[in-house]
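All chains are identified by letter, namely A, B and C, in their written order; residue positions are counted from 1 within each chain.
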Amino acid sequence: MYTYELDEEKVFNSGHNACPGCGEALAVRYVLNTMGPKTIGVVPPSCIAIICGPQPYSSMRIPVYQTTLEASAASAAGISRALKRQGKYDVNVLAMAGDGGTYDIGFQALSGAAERNEDMVYVCLDNEGYMNTGAQKSSSTPYLAVTSSTPGGKPSDKKDIAEIMAAHRIPYVATATVGYPDDLARKVAKARDMEGMRFIVVLTPCLDGWGVADDGAVRVSRLAVDTGFFPLYEVEDGERYTINHGPKGIPVERYLEQQKRYRHLDEEQVKEIQAGVDHRWRLLQARVEVAEGHAKAGPRTTNRMRGECT
Amino acid sequence: MSEVTRRPTAGPAAASPGEVPTIWTTGWTDVFNTGTWRAATPIHEWRPSPCHADCPIGNAIPGWIAHIAEGAFKEAWLSLVETNPFPAVTGRVCHHPCEGHCNREVIETVVGINGLEHFLGDRALEEGWALPAPGEPQGRRVAVVGGGPAGLSCAYHLRRLGYDVTVFEARDELGGLLRYGIPEYRLAARVVDAEISRLLDMGIEVRTGAGVADRAALEGLEEEFDVVFLAVGAQQAKTLRYLEEGAGAGRVLDGLEYLRRCTEGVARDLGGRMTVIGGGSAAMDVARSARRLGHQVTVVALEARAAMPAQPEEIEQALEEGVALFDGAMVAALTAGADGGLTLRCVKVTLDPGAPAGELRPVPVEGGEFAVAADVIVTAIGQDPDLAAFGDAFGGGLTVERALLVVDPTTFVTTRAGVFAGGDVACADRFVSEAIGAGRRAAFSIAEYLSHPAAVIPGRPALEDAVNRKEVNPFYFDVAERRERVVAPATERLHSFAEMISAYSTEDAGAEAGRCMSCGICVECDNCFVFCPDMAVQKDASRAGAEDASRVGAEGGAAAEAAAAVAGDPATEPAAAANRVAAAGRVAAAVAHAPGAPPGSGPFYFVLDQYCKGCGLCVTECPRGAVRLEEVNL
Amino acid sequence: MSATATPPRNSPPANEVQMADDVRMLLTGNHAVSYGAMRARPQVVPIYPITPQTPIAEKISDLQLAGDFDVDLMTAESEHSAMSACITASLTGVRVFTATASQGLMLMHEMLHYASGARAPIVMVNVNRTIGSPWGFWPDQTDSLAQRDTGWIQYYTENGQESLDTVIQAFKVAEEVLLPAMVIHEAFYISHALEPVTVPSQERVDAYLPPFDPPHKLDTEIGESWGNVVNQDMFYRHRKDLGAAMDRVLEASVRADAEYKDTMGRGYGILEKYRTEDADLLIVAFGAMVGTARVAVDMLRAAGKAVGLLKIKLFRPFPIDAVRAAVAGVPRLVVMERNFSPGGGGVLHQELKAALYGMPDPPAVHGYLAGVGGVNVSPKKMVELAEKALTDEPVPGSVWQR
């Protein structure tokens, strides 16, 4: 039987304002409670900012700075650099942004921080759209998903942020989801104990935005993994790929049918999405093979990003 | 994290007294009552598993299976004998309705509960484990009339409750149907002997060859004992009179008689060809015993094969052993055969679905006539209690209806004060486990009648209250094929009355027990705790152990601790303290209602009303339906 | 950086500023800023290059490489990110400096509000440059004036020495009132003009400017968070608090300048009156034009014209009382300024008129848009304009003059 062994510290607090059953709140729990109290957070406008709590109360028992939507990575860099100047090398810096603040408007700051290999853990809580403003599409919204700005279904594909970040050759990139909280916590812990830029994208179902039942966040995010829609994997130094959880032979339709945003799909469209899922899975496996080939070829010459901030 | 030390508010965030600073937070959101959003509340509680609901003995099956999975066989057995003192017997012969609604079906196949019981029963006999000691002496005496499964089960539970019990058995040996009605290859006499002997070790007096045959005898018992429990079984075989006339005269035997002869080793030469009439276990037993004695056997059963009361595997094995089966058929008439035998004129039938419950009303199928040749006919179509044989003995206040003693179905009280009855004498469900279950419930009823301070008649959970297939979460269970007991090949079986089914190996038992999903019984897997986005599910600190306070986990406490918390808590946290009290109350309530819960245990988790938003994630992610969502009454 | 004990290769020659005493150096205005910043000991400098600010960043880089300036220089990928990092670094409790110009300042605009709202005492130098479009590189104050509502203190300086000194003073004031401060000088006229500049000794600056120790910060031992959503009442009070802090800048600036003068021997005030005795007319100016105006005033006085100069150094907060006192009894003022707010005119012109409204016997105020876009305004031209202002009747709006 599958059981979870999770070691949490008390950082995330009850009484926050997330919707009942919120997948993102669950992700925040494992991100914060794994990062631990020796952490300073940065949060841009997002559902996470709402979860943070209204002044003068905070749901997070760490200092958190709420920045602008496009500035998370830069704001986190400012903290990280100030901490080092203060000699506080044992304090973690954690940015927690949504997909809008990561894939879209926050991307420049994120890419810049990655290039400089800023010392932070950047967690993108990806609910595939601007959910806090009423479910508009973002560049993370998947193909054909209905949002309030794509009522006929999104005509373009979801940006592959994990691959983009891996291409920055930062020390650590991972995908995770709340359906696999142990995997999520392990990745956060691993990232926490590394140095330089670490990036984790966490798929967090938005019950309202996706049209999922109150008790469905875990089920749906698990299906995202088990159908291969959102495989869980890690990339170290931009080249060493490890797949943690991949498709289990469940058709993607099982995932789509749980969500109102896909209710309009016809049979052909479902097939098209399945084909895309299959194709991306093959590509990912190919990357793993390439990485394994390199490993066999001999001692690894470093591909690692050098840091500006030391 | 230690509570942060906060400097006095100064600088730009300084506010007038009573004013909230406009920037820089000063506290935590746990002051908010987000629980008010809730429309439903999760309740942690022991819910019956379907196997438990289906068990005629009322056995809380997942509990002892969990012990087997841990390798704690003695604990498992002790848990099992809380309800059933004959696991080695029932592990062999129970019709195991427990497997009928097993939720494991959603993964692959039902759990081999009967096999696990078989394993545990045998392990106990091998190890010589003793049954629990009798309870505090009550100084009252109960006479149990009938040493079959119902009587012995009742004796067992009464003894455990502290009563002095004397069993009166008409025959020379105890066991009743177990000894005389089930062939050796299914239930070896040594098993019956061993389990009965272990039972008698509890200090039960036995008087064999001591049937209670008349009113005076009953009144004598009433004089000597505080209560009399009648469990004399159903000894009177039902007959088909039309077969015994004419050609059939002298060639028709009843099944009970035949099996008794087999058991006593005095089966005579009845002729080579036997036709057995009946579709139940007894019919199979007769047919298969006859095969072992070299008969050519044909079974004619009224029911279609799928509806036959015999267990599917019994039918399967009978066929393997060369028994010919005509199901959905009846013998319409009998004529003398040319070869000195009999010719059975049979016809295919269907059963009238409009017939009253419990009554079989066959409708012949047109053109379905066929003939079977036989030398002897054995009828195994059921038995009635032999009440007529007692004449007026039980007349005084006892009532008989439809060939059964009339009892209250819950209390087993007869219409005669101080006389209780149960088992086949009072019930038409003719299964060993039904009798054991009736004996158990009757024992508690008797104890209640005798004003035992702790006796409560055990209820039997309803299947509709049990955890169903939609309430278990298959994600958490890996596919694991069911282990099967080894059955000797048919060729081997035909040469011997030796037991033909081997118990699980220790390894198989462990693996099979590991397949149990423990439906409705919290195993403290933490899923409800893990998946709460509001940290509203907490663990009982008193049982979580003294963990590092900075770790998420132990919170609040058990009832006493919560009560202390109310008294001692600073006024800043009254809501949290109240929550702890509410939670502790819920724990206590759950313990009180836990069917078969281990003593001293209680739900490990409780829900903080102040924060629970009622999303139901804990319910959905509970692998086994041990958390239920209840709508909030506004 | 502290870790870099030995100077790396390619470092500049052993540095000229490793000195215990003040030194006199020939520096551009931008380099003067870099030295001023170095003396203030900021620990983090997030910065992004833009003409004509780049010499500031370059010089800081050189000073860092040479081991003279122990600073974490964060080469951000945009001004927006640079300012974002400035804010959080400041809130984490370290002193922060940065510099920008023109479009860079425009890109920062959003974060400028965040900085003042966060009460982060960042000091930033802005080198005034035209804002596109069209593209240009010329001195023009419109970029910084467009930020006057962002809650930043604004100082306008007239030469490199003043810029250097003001950077140090700005930290003192900013950290006292917890507001960010902008020190502004103009492209090329100041940023790239070489002048002799006194760089004060580190000891003296240290004596003047104590280490930064804010009352609130992002610190895991304190646990306070910044920026959680507020209600209307809290926002109202927050803005009111910010306004009160801004009001305190007037007195704090005067005091900081006086202390500086005591320590370093140089002071500027929040405004300056130059040859204003018995004046018929005061030229009111800020920024680089002040230097030109001094020459023009000298020329006018030599010609017997009673014309003086009022230099506005502190523009935000606008020193209304000091300005009123300075112009009391003067019949005419002429604002000459290098900026333009379309639909409004010269920004100083508007601000000055607003400041004088309701004053008994107020002076007549001329507003001349002289030098917008970097057009040169020579002393001779300024004399001409002053003479015109002495005779013309003032009109309500600003008048284009070249």
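Definition applied: contacts are C-beta pairs under 8 Å (C-beta built on N, C-alpha and C of every residue); 3 or more make two chains touch, one makes a residue touch a chain.
Just so we're clear, the structure is a prediction, and the values are computed from it rather than from any experiment.
If you compare A-B with B-C, the chain pair joined by more contacting C-beta pairs is A-B. The most central chain, judged by C-alpha centres against the centre of all protein C-alpha atoms, is A. Between the Cα centres of subunit A and subunit C there is a gap of 42 Å. Mean C-alpha positions place subunit A and subunit B at a centre distance of 49 Å.
If you average the CA atoms of subunit B and of subunit C, the two centres end up 88 Å from each other. Along subunit C, residues 220, 222-228, 230, 234 each make contact with two or more other chains.
Among the residues of subunit A, those touching two or more other chains are numbered 37, 53, 55-58, 61. Among all residues of subunit B, those that touch two or more other chains are 4, 20, 22-26. Within the complex formed with subunit A, the subunit C residues making contact are 1, 3, 43-44, 46, 72, 74-78, 80-82, 84-94, 96, 110-111, 114, 217-220, 222-231, 234.
If you check the complex, the residues on subunit B that touch subunit A are 1, 4, 20-34, 37-38, 475-478, 514, 525-527, 530-536, 550-553, 608, 610-611, 613-617, 619-621, 623. Considering their complex, residues 4-7, 10-13, 15, 19-20, 22-26 of subunit B touch subunit C.
Listed in rising order, the residues of subunit A touching subunit C in the complex are 37-42, 49-50, 52-58, 60-68, 70-71, 73-79, 81-86, 91, 108-109, 111-113, 115-116, 308-310.
Within the complex formed with subunit B, the subunit C residues making contact are 117-119, 178, 214-216, 220-228, 230, 234-235, 237-238, 241-242, 245.
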